[in-house]
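Per-chain numbering from 1; labels A, B, C and D assigned in written order.
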């Protein structure tokens, strides 16, 4: 019996220790990210908390330990049981969250997706970081400039199943059809699964399989920095150019040593702020998520809800930001 | 249970007590959860939270058998993925959904059969190696087939499987199916001659062979069953997700094994029962649910689950006397 | 079993069989290298071989630790989390104190990893928890602690001093320093396993626990020791890993433990205990390295990779058994008069 | 091994190298040893006999430091000592050779000999393999064996492993050598060799404690004998002062009437016929037949293929050629399940490993082979099972509190009987018994022989494999001798003699052959 009491005591004390009560006036907004322990997601969380603070809402930040859709479903179920008023989510899968989010909507919970969208049926509105077409275009333009509009390029993506990655890659291919890129050849697309060792190996493999490779686009944070490291280690700085989407904190080193002259990203803090702000406005009925509605989002200014390509509605954050040697040091400590 | 009595002995007594330990832990955790979160004591909340976990439950049931015969299967999560992908593809190819569901079951059973075939056909090839390779191969095939695509758009009735409730009650449909499966497995393991042979195999495989227990055939059946249950899990998981992808159910295998062990099943074979693993399933779920309600971050949750797992498994070892162990040896 | 003692001429069947087993994997390596070399000649260059060795460095260090645990009949799933936690601590330390010497960091990795492994070892040896469950729990726990101490933040390249990153990038006599670390580890463990009493005791425990106890081997200590060693080597590999990729994350090496087990299995280590050689594990790790390195080079579709890797493990395991069986059969044939 | 200082005969009589006084050992619910006294002179062979469960193993484990006594004192050359663990006992030059060689199958012979006390370079602490191998070779040669010290233990025969175990004991310069049932798995010839080794060691001044069931061993080589019963010492005698009958009385507390109660039974129809059975590497061209009411004895050296033939008939290992006919019909037996369905039962030699489920209850053990027939369309039918188990308990006089107790709670002899009960519950027509009385004390031995006699009287046929010559001669109607996988002699009960069997069994003695 003694051992049982010990166990119970241990369990109880642990649970008490980790419980953080989130009772406040106003609405409760739950933010579900792809996984916790990811700086990009944490930055979005900071923005979300800021917006909730301004609106007088309380904020819950949650994410599974690993980026799986099953983990996100479990969290959403828990949020439904906690009777939150809104959920902001960056989805690990475009389709697979729809059923559980429909259940949430059925419980009168407003759903805002951001960063990585869920299908229209599972959301009220999507906060889009940037136009997918623009993201694709910018990266192709950047790499073309770097290599002088001539030579072989490759793409190092994250998972083969990630929707946003694939959409961007489609737009890159689209952009490359433009006659001004006719001397550029996209030789392959490889996948690093957002694992550092695997991305690094894939990059190294690219150098060996394609000795004439001139440039790499890596539209994923882990892939971009692992490739930069690989270029540096292989002694190819200046010979193989690199651009893509990445975090300034991770890329500072590689911008300075020239492995990556420039890359892009939007501000995740702003993204989280806007998503959380939109969620607040949906809760108090200011907006309903219909096309054409206009609203003002605190420090971010005015926005209009537009129709999204996937058939739902979305709010567009703005064009992605270009980081290079001139501005990287301002940002590297922020996110 | 009458059979328990005929199994009465010191070691199995521990198992019996083990189940009571789990019951007490479940009550304790419920009380703590209730105090911490005002949302915990909600009938729908608890029901739904249990339901969300049940596709793993299906896998735990058959994994219990695999562990009792002293083997292990780490390919189940991959079998779930492959079954789901094949089911979705055959639906997309124009087969009726009901047939597609059969495809999932057949795929699961087929993969399990293949595991069992290799293990029983090639002596010296251990289950851990076969299923380790299998876990890459099966998911790999799912990737080859579907690549970066996802398949969705199933008929609307299909989502009822994971999301629907029985009639006007608040009982999730999946729970009814699970309870049915659990009863079948409980009867199979504890009330049939076949179940007796399963334990015999786990306790002493050589003696079992000499006693006329068809070892190879039993292994074949058990691994096939394990694959079949993964197929069932795939049907419910796909229904829950509304779509299929090659990367679903990642990491399920370790969780399933952990729940079975928490339920009193010994990975070295011969011990454990269905009641225990069902209780462990509830315990694990309530623990996670409670922590989820107070928004413990996922990574911290892993620490706590790890501590509970190792703590609960270690408890009887710490308190059981050394002499007792030696005595069994001595008498031999 | 023993590498060294069995190496005299006029050898007996069983040790010849083992020699043959390692020959088998060497033939496999040569065969696969030639095949890949035909498709991409750059595979067979010295610089690529050097790259493979660097890529395999962390894996080969980890495999030695895993081998010792497997030899006792256990398994250590927590290695990847120990690696991540140690790597994170190392990253945080060099971020705060860039002046720390790389050698000190490597030693720190060994010690911290050893400490974490000791805890796991205690749970297995004293708490008598089945290894797979004990190490699975510790895998969860250490991974979670990594998250808690880092607050979910990553340590990035610019926050690490060049000297630290130099562990992986600097060369000495044309070879990467990582390769020297691996060499040291292998020489030490080759000696430890074959020429020290404690090293042989590990095999005794894996071969027959009861008999080991009877001849006075402290089996609990040996069990504890192998987990402490596998922890220490995971810690060392953690520092090597973080230095190499110039990034410490809390999901570092997540899922890597299966690769370690695969390397051991390919290297002829028996999952049931008692069997495994240091040289075999090295070859096993290199084989895994070659497969990882070669698949991107011969432009295999990414979707095929996973299935191929699984198939290679399965085939290697079956071939191993088939060779053993064949030897046994020819032995039987000779016996019949 | 002359480590003993030269003592006068008088000194040797009075001074004991090892003395145990009032030793008790308790296990939960069991008093394994109850104030046992035991002493050992320098240079003597001292036998300890007793039924299974009498406490012999416990006593040995206390002497070797595996267990610590709960009461009592141990004196080594007159000084009190405490053996905390086997290493301490080793330091006092005490070594043991166990019945089941407690070896490391994956390791080499050299390692098996030296792992407990390797030769280590004094400064570098490096293991000196070359020296150890040389020493191992020397030790093995001194025992008349040329086993290669570099082969793995698993590649040796049981007899060879036993020799390695003795070499291991010698390597620590043992002054006290414990031999636990050393001859149980050996054939006559191997046993002879072992006796010679033991005598030689004694003459070199080593004290030997011999545990044995076989009175032959005791009378052949022992100087004194101590009898244990139910954890108590019944006394110590000089071997030439006590005869077999009194020894048995001391052991079992009663007189055993008859050891080989074989009654003449008239043979019935042919139950089993084997023609030209061969299995690559194990046996070839085996033919014989078994009639109802007949006991066919299989004699020969361990490793001569007797067990393999039996196991192939039982479907455990596949055969490469030959026919098996059951009651005149040719059958193909691929696994034990089929064998059981043809009415064949097999009592394995290694009961613990191959016959028992220690964690299961007596009932579950007895019914496991026939569980399918006892069910109600697959569902367990406890009353029917219990009926059969209780009947078996009564028939074989198994001493157990009830059928629901685990087999692990029974004494060794009763565990053996449970295996027999399991066998008989399947109602076989053909019984194969591999070393039916191995490791069994006299009392249980007689009981088992009686059961065998009763069974053949009921019309069963029995194939009995035995290494014990008196058992073969006493129980068999016909005797088949095997050597290196072939039948080398067939004798009827009347014409068989110990000498004839031996001649057939040992064509060329290859006791110490190297496997390569």
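The rule is simple: a contact is a pair of C-beta atoms (placed from the backbone, for glycine too) under 8 Å apart; a residue touches a chain by one contact, two chains touch by 3 or more.
Note that the coordinates shown come from a computational prediction; the quantities given were computed from them, not determined experimentally.
Undergrad: How many steps does it take, at the fewest, to get from chain A to chain D if each step moves to a chain that touches the one before?
TA: 2
Undergrad: Looking at C-alpha means, what's the farthest chain from chain D?
TA: Following the centroid criterion, the farthest chain would be A.
Undergrad: If I rank B-D and A-C by number of C-beta contact pairs, which comes first?
TA: B-D
Undergrad: Can you compute the centre-to-centre distance for chain B and chain D, using the mean CA position of each chain? Integer Å is fine.
TA: Inter-chain centre distance comes to 43 Å.
Undergrad: With chain centres defined as C-alpha means, what is the inter-centre distance between chain A and chain C in Å?
TA: A distance of 35 Å separates the two centres.
Undergrad: State, to the nearest whole Å, the distance from the C-alpha centre of chain A to the C-alpha centre of chain B.
TA: One centre to the other, that is 34 Å.
Undergrad: Give the residues of chain C touching no fewer than two other chains, as numbers and ranges.
TA: 143-144, 147, 152, 250, 303
Undergrad: Would you please write down the residue numbers of chain B that are in contact with two or more other chains?
TA: Residues 143, 147, 297, 299-302, 304, 307, 318 of chain B each touch two or more of the other chains.
Undergrad: Which residue numbers or ranges of chain A touch two or more of the other chains?
TA: 35-37, 65-66, 160
Undergrad: Output every touching chain pair, sorted by label.
TA: A-B, A-C, B-C, B-D, C-D
Undergrad: Chain A touches which residues of chain C in the complex?
TA: 40, 42-43, 48, 51, 55, 143-144, 147, 150, 152-154, 156-158, 168-169, 241, 245-247, 249-254, 256, 292-293, 295-299, 302-303
Undergrad: Going by the contact rule at the top, pick out the chain A residues touching chain B in the complex.
TA: 3-4, 7-8, 10-12, 14-16, 18-22, 35-37, 60-66, 68-71, 73-75, 77-78, 80-83, 93-100, 103, 159-162, 166
Undergrad: Using the touch rule from the top, collect the residues of chain D that touch chain C in their complex.
TA: 64-66, 85-87, 90, 96, 98, 102-108, 110-111, 115-116, 118, 120, 125-127, 129, 133, 148, 150-152, 154-155, 280-282, 284, 484-485, 514-516
Undergrad: Can you check the complex and tell me which residues of chain A touch chain C?
TA: Going by the criterion above, the answer is residues 35-39, 42, 65-66, 160, 188, 190-191, 195-197, 200-202, 204-206, 208-209, 211, 225-226, 228-229, 232-233, 247, 249-250, 252-254, 256, 332.
Undergrad: Note which residues of chain B are touching chain A in the complex, please.
TA: So the residues of chain B touching chain A come out as 21, 24-25, 28-29, 32-33, 36-37, 39, 42, 45, 48-49, 52-53, 143, 147-150, 152, 159, 162-163, 237, 240-243, 245-251, 287-302, 304, 307-308, 311-312, 315, 318-319.
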